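In the two complexes that follow, subunit A is the common piece, with subunit B as its partner first and subunit C second.
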Partner chain A sequence: MGHLVTSVAPLPLQGGGLGRFIDPFVQFLTDITNLEPVLLQLLAFGLLLGGVYALTALGLTMIFGVMDVINFAHGVFLVVGMYSVWLVSEMAGISPFLGIPIAAAVLFVLGVVVHVLTVEPIIEAPQQNQLIATLGVLFIIQSAIEIVFTPDPQQVELSLGSIQVGGVFIPLGQFYALVIALGTMLAVRAFLNRTDLGRKIRGTADNRDGARYVGINVRRINYLTFGIGAALAGVAGGSIALFQRFDPFTGETYLINAFVIVILGGLGSFPGAFVGGLIVGMIQVFGGYYLPGTTAQVLIFLLFIGTLLVKPEGLFGGAEA
Partner chain B sequence: MSAIETVRDRYRTFDDQRYAPLVKGVALFGLLAALPTIIEIDVAGMELAALLSLKVLILTVIYAYTAQAWNIMSGYTGQFSFGHAAFFGIGAYATQALVVDAAVNPWIGMLVGGVLAGGYGLIIGALSFRFKLQGHYFALATLAFAELLRFVVTNMSELRGANGYFKAFPRDYGAEYGLVAFQFQNDLPYYYLIVGFLLVVTLVSWLIKNSWVGLYFFAIREDERAAASVGVPSFRYKLIGVAVSAFFTALGGAYWSMYFNTIRPDTVFALFKNVELLLPAVVGGPGTLLGPIVGSFIVTPVSEIARTTFSDINGLDRIIYGAFLVAIVIYSPRGVVSWPSQARALWERVRGDEEVNE
Partner chain C sequence: MGKTLKSSTSNRRRFLKATGASVAALTLAGCASDDAGNGGSDSGGDSGGDSGGDSGGDTGTTTGTPEQSVDEVIIGSNHPLSGSLAATGVGMSNAIKLAAMRKNEEGGIESLDGAEVTVIEGDNQGAQELGGQVSEELLSEGAHVLTGCYSSPVTTAATQVAERQGVPFVISIAAADNILQGRDFNYVYRPQPPARRLASDYADLVPTVIRDGGGTIDTAGLFYINNSYGQAIRDSLREFLPEQNVEIVEETAIEFGASNANTQVSRLRSADPDTIIATTYVAGGVLLAQALQDQDYRPPYLTASASATFTDDDAVSDIGEFANGVLDNNYALNPTVDKTAEVRSQFLDNYDQEFSASVGMAYTAAEVIIQAVEEAGSVEPDDINEALKGLRYEDHISAMGAIEFDDQGENINALGPVNQVQDLSVRVVYPEEYAEAEPQV
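Moving on, here comes the complex of A and B:
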């Protein structure tokens, strides 16, 4: 985690001068030439964080790729996933790991409901209308959670501990989250490539009108896509809850980073989401260690803007859904 | 002829007169000027002021002002900006940094902020339009430019990082409470000042709308390629729209920073601020002159009253915000100001049917 690493090396807000821009990079390069063991540790953290980030972006990129809708509610969908896992493990005493499929089911239903109520009526409207509508959904759900569960941070009671691999410290909660992320990505890929429904979804993503002509029920594909996208957010949120405290507003940071990942990796591309997730995760972990404060986030936004301008189709085209 | 029809016909004759916009404007701003008095009128032992304080009125007019400024770019040229908090924050920060750190008069700081914001707008616009960003991509790019500034300012100790600025006393920059100092000891002058701001930006909007600049703006909004093909220099005019809009949004930020005591990156550059700045225009009717003002008088008081009345239920105001957002774009994407004409059309259709039936 980004702030886990910053807590390892708390760097205060530094004074002026150009040094603060150059020094961290000099330090970074010196560490590389000296083969500092901390690099391996950072790499591990970056991989763990990046995998989870990729998972948070999957649902977003799917809805974006198939329906051409920016779902601002995606971040709060993650939060609903976190609270679902928390509720299941706290109230019903079920293992949080079993809570994750439950979170996915809850989110699938919520996604379909949100889609039918707010997105479907305006699917043909100008793009900013869908953006505003899903933003409205974000506020409604976020505040509903805040009212019901208070704004205080919650935590799933789960002490998984950690393991040491070759001198590298790996928190098991994050490790399981990464495994879940990878498994989910492979499963969704197989679903899209191998099943009939998956092929229809990809067909709709490629060409909505064409899909209609060959007899695909695009309306049905739309709400299934939105439901699956939300369910993926449920899995992602549930996995994050395994290792991190959360509150009703946790989703905002993840949402913004998920946007970055989706654009970076390419609209609707799953491998792109994975690579994009790794890039953002690595920048946050390495940036959190070497750069003062939250400067790493500045780098991420610069990368985001650069990609939007120069290669809006992202690193991986947008051929795949 | 019924009385209603007489009134309607008279109104239409009036509406055709050249002086009609002037009369309407005077009436509207006369009403705004009278509002602080109106809310204190006793109606059946109840003062409206119990619900609608002067503070809420100020906030309402601030958001009417910013939405009017947003409208110049996004409503008129159709380039949907989701990052106006960038300009708002620049205005607030330029003013406070100059006032607190250099004892410069806030009016000067405000203009500096306006110019800086206009420049930032030109950079955003030039890059985005040059690389032909549209729709989602443009909205995301503007959001990214705003979030970028939030993190830059948070990490700049020169701008006091995450702590932000605490407003200085007038004597600290060699002035006394009053218009020159941009600070007053009670809220009423603040209210008239922001109404004045709103008047200026509404006048500018009206002038743009009724000139060839506005004509070009609307042509770009409706069909940019068609506009370009008949010789509208769309790149340049979109830039003009961004710059003007950014400039005025920054003045709103400057006012904000002089009215409230503190500014922080998390308040003036907040993600939510991007929404607050544009929402009244979307609710009232994007691309219209009256929409931002009407929209703000619907959205802001309701959510403020919800916040103060149900202060133990944190977040209720945001639920109301959300409900507005969803309902408006689904049921009335042209905004509240389109309701009278829609009602009239409906009325005429109903009556038309009746005549056929007879």
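Moving on, here comes the complex of A and C:
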């Protein structure tokens, strides 16, 4: 089989006390010094995982950036995206890749409907009202999916496998998700910077009252933004469905990570979301390899707290409008 | 965009406050659901939540002493009917209703003049903080005896309530040893093998199967879910495997809800053991198989201990050919008795779900309860409890001896036999008394 990996991370039970946590770092530095090939493999996995995480955070950061709305339904929007791709793939026999834009369209409509029915009526109310409203939407949609499709996990019948480049294995499903994440980020950025509607959205994000004074229909911008944010969740969910089984509750874990990424990267910042996603992905992969148990999760939240203390606006929060 | 869309500091603070609180709430709700006995997280099942069994009847009852007339016996089923464990949880609750239905079709509880068995359901969502609350609710609705909960942390909380109120609780599935051991309980019973027994059975049986087949198993790598159930199995494997001359050369954990197992497989691939031993929910085992394939790696023997993945037909089907040959020691349905096929068929007809080993274990727990009530001839908790203490139940469908409990409430004849995936079907292959096929090594 020709194993690429020669470095062996310390067995968690071998060390005791402080050594349990120090030894992994020593091992990590040793591997760097020796240029162990495993580092390249881990780098690839971190990049792939981070890309997926970034993709899940884009819609969340956009909705908050423009509307100040904390959309707790984002997690279940991801799930709707997954089921949309699965449905068009299984029922209509359409390629799952073509299902992703369909999922985006479905989510755009769903996002607009959710906004008009639940967020718009309380848009001027204290922020916790919108949070609770979107939390309610989460439970309603989640339950509806569970009732219609059962809690059984589903998966798209697609075996993408992996490729080996220079001894590094790259799972293709996650690779495509990374490509989609990058493409989506660039497309949305171009939309916001180069189209009239995009500029209106940015203007509204900068100053809602000012936007009204210059004649921008802020109400329309709100539902378009919510729809686009939901569509981004549809793209993310659809991409995840390419390589992962899912059930009505799969969105919960991604939602928590997305919140961490959004705060880490800077509220409302797309590049921040991307870099935040990569950081979380890298810590999970390298931490998972070198550290005992799931200590990597602790590191992520330590970084999260540290960011709040040292740079509370997030990594990309400094270059504000 | 190149710059942030919004700059308001106060907004940021509100976002942080609100999301902080909400993420904490979600984390509690979501992550608390991270331990599922030794079972998987997903298999079979339509959404549930209805109360009462197929036996019909409302939840009212004429509770009373043996001298009083008893119309029905109420079993409170405390399982995850929503949340990420619901797929299996719903199936387990349905299995309990099936046991009640079969008893009612036979004429009900004979010693109580044909009293019907009714099942009322509570949804613990797989969340530890709801385990005790659901038990309380079921008891307030009139349950005479409880069963649950699939998740070990949830079961820990749920059994505490039962013990405090002096109501018998028969665990359907929950593997963590410390649910019963060291708590000095008097009302809680566990038909399934606990984690320590499952790991002990792995060490006794799986290396034997491999070596008898001419294979070599000197080293092992552990891949486990990082919670009380996974850690309990890991700890016991550490103790028992060296006794069978198997050295653990790698350990790697996966978090509940993880999206892939790439990193863990990288570690295992580095160590290249003779066998990988998976201890996961269904989803975790599927991720393991996927990552192994993505990295073009498979150890000589892919095995599992107390993992539901490779005893779940749906999961095996999803994994595909790669699942063939996997050896997994876990509780199992007994293929050598006709009753198993009969119950399986009836379950499929009634609920259109797979009758997995986990679902079958819940069915067995319900039969234990029904038999205890039959022998007690009463719905008084203490009478049922006494019956459970002296119970010896042989007519069950699990691959183990007669169910009888020791002082701690553990089944002294519990067993985790060896299953193997052959032609994408899960078959019991060892020990021979329960085997339906020869092991293929």
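Brief remarks on what is shown
Rule of thumb we're sticking to: the second predicted complex is superposed on the first by the 300 of 321 C-alpha atoms of A that agree within 3 Å, B and C clash if a C-alpha of one lies under 4 Å from a C-alpha of the other, contacts with A are read in each partner's own complex, and residues count from 1 in each chain.
To be clear about the criterion, a residue touches a chain if its C-beta (ideal position, glycine included) is under 8 Å from a C-beta of that chain, and two chains touch if they have at least 3 such contacts.
Just so we're clear, the structure is a prediction, and the values are computed from it rather than from any experiment.
On the superposed subunit A, the positions of subunit B and subunit C overlap enough to count as a clash.
Once chain A of one complex is fitted onto chain A of the other, the partner contacts of A:L49 are limited to subunit C, with no touch recorded for subunit B. Of the two partner chains placed around the shared chain by superposition, subunit B and subunit C are both touched by A:I263.
After overlaying the two complexes on the shared chain, residue contacts for A:V298 are found with subunit B alone; subunit C is out of touch. In the superposition on chain A, contact is made by A:Q127 with both subunit B and subunit C. With both structures placed on the common chain, the touch criterion links A:R189 to subunit C but leaves subunit B unconnected.
With both structures placed on the common chain, the touch criterion links A:N222 to neither subunit B nor subunit C. Residue contacts after overlaying the shared chain place A:S239 against neither subunit B nor subunit C. Contacts of A:E252 after superposition on the shared chain: both subunit B and subunit C are touched. By the document's definition of touching, both partners, subunit B and subunit C, reach A:P151. Superposing on chain A, the segment of subunit B with clashing C-alpha atoms against subunit C, chosen from 220-228, 238-246 or 256-264, turns out to be 256-264.
The contact surfaces that subunit B and subunit C form on subunit A in the two complexes overlap at residues 13, 64, 68, 70, 127-128, 131, 135, 143, 146-147, 151, 252, 256, 259-260, 263, 293-294, 297, 308, 312. Within the complex, the subunit A residues that touch subunit C are 1, 3, 5-9, 11-13, 38, 41-42, 45, 48-49, 52, 61-62, 64-66, 68, 70, 72, 127-128, 131, 135, 143, 146-147, 150-153, 155, 159, 161-162, 164, 169, 171, 174, 188-189, 192-193, 201-202, 205-206, 240, 243-245, 247, 249-250, 252-256, 259-260, 263, 266-272, 284-285, 288-289, 293-294, 297, 308, 312-313, 316-317, 319-321. Residue ranges of subunit A in contact with subunit B, taken from their complex: 13-16, 64, 68, 70, 117-118, 121-122, 125-133, 135-140, 142-144, 146-147, 151, 248, 252, 256, 259-260, 263, 292-295, 297-298, 301-302, 304-305, 308-310, 312. Subunit B contributes residues 80, 82, 127-128, 131, 133, 135-137, 139-141, 143-145, 147-148, 151-152, 154-155, 157-158, 161, 271, 275, 282, 313-316, 318-319, 321-330, 333 to its touches with subunit A in the complex.
Partner subunit A is touched in their complex by these residues of subunit C: 1-9, 11-12, 14-16, 18-19, 22-23, 26-27, 29-30, 41-47, 82-84, 86-87, 90, 226, 238, 248-255, 257-260, 262-264, 266-267, 269-272, 282-283, 286, 290-291, 293-297, 314, 318, 320.
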